[in-house]
Amino acid sequence: MNDPRLFVDEMLEGIVVAHPGQLISVAGDLRCIVRGGDKTAGKVGIATGGGSGHLPLFLGYIGKGMLDGCAVGGVFQSPSADQMLEVTRAIDSGAGVLYIYGNYGGDIMNFDMAAELADMEGIKVEQVVAGEDVASAPKGEEGKRRGVAGIFFVYKIAGALAGEGASLAAVKKVAEKVSAGVRTMGVALSPCIVPEVGRPSFQLGENEMEIGMGIHGEPGIHRGPLQTADEIVTQITGRLLEDLPFRKGDEVAILLNGLGATPKEELYILGRKLHRILKEKQITVFHTYVGEFATSMEMAGASISLLRLDDELRRLLAQPADTPFFTQFQL
Amino acid sequence: MNDPRLFVDEMLEGIVVAHPGQLISVAGDLRCIVRGGDKTAGKVGIATGGGSGHLPLFLGYIGKGMLDGCAVGGVFQSPSADQMLEVTRAIDSGAGVLYIYGNYGGDIMNFDMAAELADMEGIKVEQVVAGEDVASAPKGEEGKRRGVAGIFFVYKIAGALAGEGASLAAVKKVAEKVSAGVRTMGVALSPCIVPEVGRPSFQLGENEMEIGMGIHGEPGIHRGPLQTADEIVTQITGRLLEDLPFRKGDEVAILLNGLGATPKEELYILGRKLHRILKEKQITVFHTYVGEFATSMEMAGASISLLRLDDELRRLLAQPADTPFFTQFQL
Amino acid sequence: MQSLKTADIVTILRELKLSVENNQQLLGELDGVMGDGDLGLTMTRAFTAAAEEADRSEEPLPGKLLMRLGAVIAKAAPSTMGTLVATGFMRGGKALDTTSQLGPRELAVFFDAFVNGIMERGKSAPGNKTIIDTLYPAARALQTAAAAGETLDSAAGRAYVAARQGLEDSTQMKAQHGRAAYYQDASIGKQDGGATVGLLIVEGFYKVIVR
Amino acid sequence: MQSLKTADIVTILRELKLSVENNQQLLGELDGVMGDGDLGLTMTRAFTAAAEEADRSEEPLPGKLLMRLGAVIAKAAPSTMGTLVATGFMRGGKALDTTSQLGPRELAVFFDAFVNGIMERGKSAPGNKTIIDTLYPAARALQTAAAAGETLDSAAGRAYVAARQGLEDSTQMKAQHGRAAYYQDASIGKQDGGATVGLLIVEGFYKVIVR
């Protein structure tokens, strides 16, 4: 690392030079990133935004079949409404813009504000706030849940539908459907460090873990001695399945997400047990995504997301996507 | 983690269930993994192998446009010649098989042996041993250099040529050309832990780093207090450029590789400085790969690889690839 | 003053700019206790930009001008308070529609929309130890005074008194939003920076009206 | 015995199997000092599989049989020593080509190819404190004896003596390969497990030949 205060801007400069053509910054602001190339007339634009420190979130999913723009905040901080507005202006092609972002106070406030400003300029804006962390609020209070890795599915599917030229209302509707059908829960084994702060956001003992911790270190639902991978998966999967609930005969997509410092080897060991449990419950798996999709600096840990599919969602999930951080051929 | 002794096999089970159709195990041995689907008659098979604990290496690059099979060893241990032979048998379609693997004693011994056994069965085998870690042996002793992340380029380009139906000799030749044109150097900020051993392979102080450390913790060329990202990149890039040497007017591909526990944010901060240096030296960048391509469990650190391109290598690098860990549309 | 015209709005903005500048250090210190300490800086930025825009603008309608100032503040100060104050100006201005002069009734409408906008945007309510706890009582006082047929001077005076009382009351509240919320009970007894900003805004209007 | 026929090779393999079984603990201990301690286990596996294959096989040519045994060992014991010994059998067997009987000259050819195969595979040489340090002197002794026109019994005796001396010499060497190499000077004075395996192999041939 260089100067911690330059962390975000140096990172963004690195990202933009590494992916020329795919990503460009607009309005003379490195923190306003949109998709390179020409706009497709009549395509709904999809924008997101949020704090830094979660790569590939949020800007990493800008590209063919997914997002059109992103406003980037400081580490764990919301970008400003004005940056969101700049992005909105840059990506609107007349068909309107959908904001998809996670359920965090600062982001909501600023996106609301940006939507209001865009509205004043005659740009139609709709919003979908993703929140699917089962550990962050009980069933019945889904609206309070934090958005974590599962937002990937919302981006992927809404992006695919927007790419087909669907209307703003239709893209919003499918994004809400995904959002309603995905559930996530995570486990943390070590804390995350904000560069400007320089020390861990909380303490976790050598052989301790915390189930349900948020990606900014928000408290989870259970802290205790380190359990085996199988025990952790059993516990998390149980909670996920009963929450939606997922039932026998359902078809799902899996997202096994590393929080930053977890070896991929460990993710697959978690995946092994997850597949076994789902098989036993007679829930079929359409596709398994494994990797780092939403991280928290060098936090060690992982999250499991399950998305219930229907014909529409399956078809859209299967479509190709080409972004700096996520590339998929037709499944 | 569950039982450390089951680490590799549980991980492999997880990988195979996560990527059905893409990867299958053969000969009733989870550690012998080949590409799913039918063999293409007349296509040269490309096999690799090596110890576990380096995902996506080695099996992660099996798929369209890259590898056909892989023998998987224990953590940091060579797979057996017999496992390599099983993989060789499974992927040979009559056009012969090329082994591409890193320059490590155990691997060499076993691949040599496997080649000899395959020969006894009438399967033509050629070998390319990749070694490009500039820190592991001085110029003039390139043959002693360890193979690290740069092997990705060898897989990618040899795989693309094999996909075009080239002969075993031609695929071997291009693999050797890539191998000769790539240079890598890394920096480690924390040690790696072998699950069965359970403790770090070496000690590195809180604010210490070691330049040139190997991916199994082999000693590097300089240990000292933590430097800034820019200082580290300046130092490493200097060594890489003078070694080949890369000159003004050259065109390169970059691989910025995280060793396991390094946030992607940091990789891009390294990339920013790297691009600046290359620009100043008037070396053009054809493409920048950023991510985890060759890891070492939860080691914190990164490596930079540079590959000098010519028309042939550029064309082959640009071709699509579709594997569980690496997907690329035509560049 | 019997009613505020567009030119008076410009004067108020100049007044507000001076006021936050004079209180920059205080606001920074208040925000520093339980927040990140940037409140003085961002409010100065916000109102400097707004005052400049007000000076420059040729917009004849007060409501339109106030909306425009909100947009300018949003851009100049992308912090929590910046966004909330921006929202207040935008919503307040919008509520004025094509009104060309602000009497007690219109000023009440403005502040009502102002504070409601903030509550909506911030998902917050009176009693949460925020800017709302000075603005909300002020807006209520304006409404009451307007309904009773009081003059603009008198209504503005009541609003100012209510905001001051609000600041005092809010100091005893427990913070529930923003960084201060992490401090829970420890926040009780500490003066809130945002509530202070609310008071300064009301005070700015009051001073120009009674000048 | 004047020459080894295919049936004698089978007998030698049975002998080798018993010999590594009897020395399993010793080999494990030797490998445990500076290696991972699995040598006794893997060698027992290797020679059990090889002896079974020898018993089962109907291959008439000794060279072909020995090659086959090498492939079986490679599969049964995927360790360093397993692979090296497998290589030795494969290369030694291959060098015999279609020979049907092994006199002193052919036995020298076999051991020469055996140890050369190991050196090539292991990128190692005499003096590195490995299996080579018992096999190489044995192979040299066989060559000398064969060149001097000695009998098979006598040649095998000389090989055995040379291998024993080799083991003694190698104990004073510094390890340069495998895990033991990490110990550097500390390896001096310690008996090498691989070299011990080499001695057992030579001894197995010797015992059956002079029986």
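Letters A, B, C and D name the chains as they come in the text, with residue numbers starting at 1 for each one.
Please note the rule applied: a contact is a pair of C-beta atoms (placed from the backbone, for glycine too) under 8 Å apart; a residue touches a chain by one contact, two chains touch by 3 or more.
The structure displayed is predicted, hence computed values, not measured ones.
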Note down the smallest number of touching-chain steps it takes to go from chain A to chain D. 2
Please identify the chain with the largest separation between its CA centroid and the CA centroid of chain B. C
When the C-alpha atoms of chain A and chain B are each averaged to a single point, how far apart are the two points in Å? 29
Could you state the distance in Å from the CA-based centre of chain A to that of chain C? 35
Separation of the C-alpha centres, chain C versus chain D, in whole Å, is 92
So what's the Cα centroid distance for chain B and chain C, whole Å? 60
Overall pattern in which the protein chains touch one another (line/ring/star/complete/other): line
For each chain, which other chains does it touch, given as pairs? A-B, A-C, B-D
Chain A-touching residues of chain B, taken from the complex the two chains share: 1-3, 7, 10-15, 17-19, 52-53, 55-56, 228-230, 254, 256, 260-272, 275, 288, 290-292, 295, 297-298, 300, 320, 322, 325, 327-329
Please name which positions on chain D make contact with chain B in the complex. 67, 71, 74-75, 78, 80, 83-84, 86-87, 90, 120-123, 177-178
Chain C partner contacts - residues on chain A that touch it in the complex: 79-83, 105-106, 108-110, 112-113, 116-117, 120
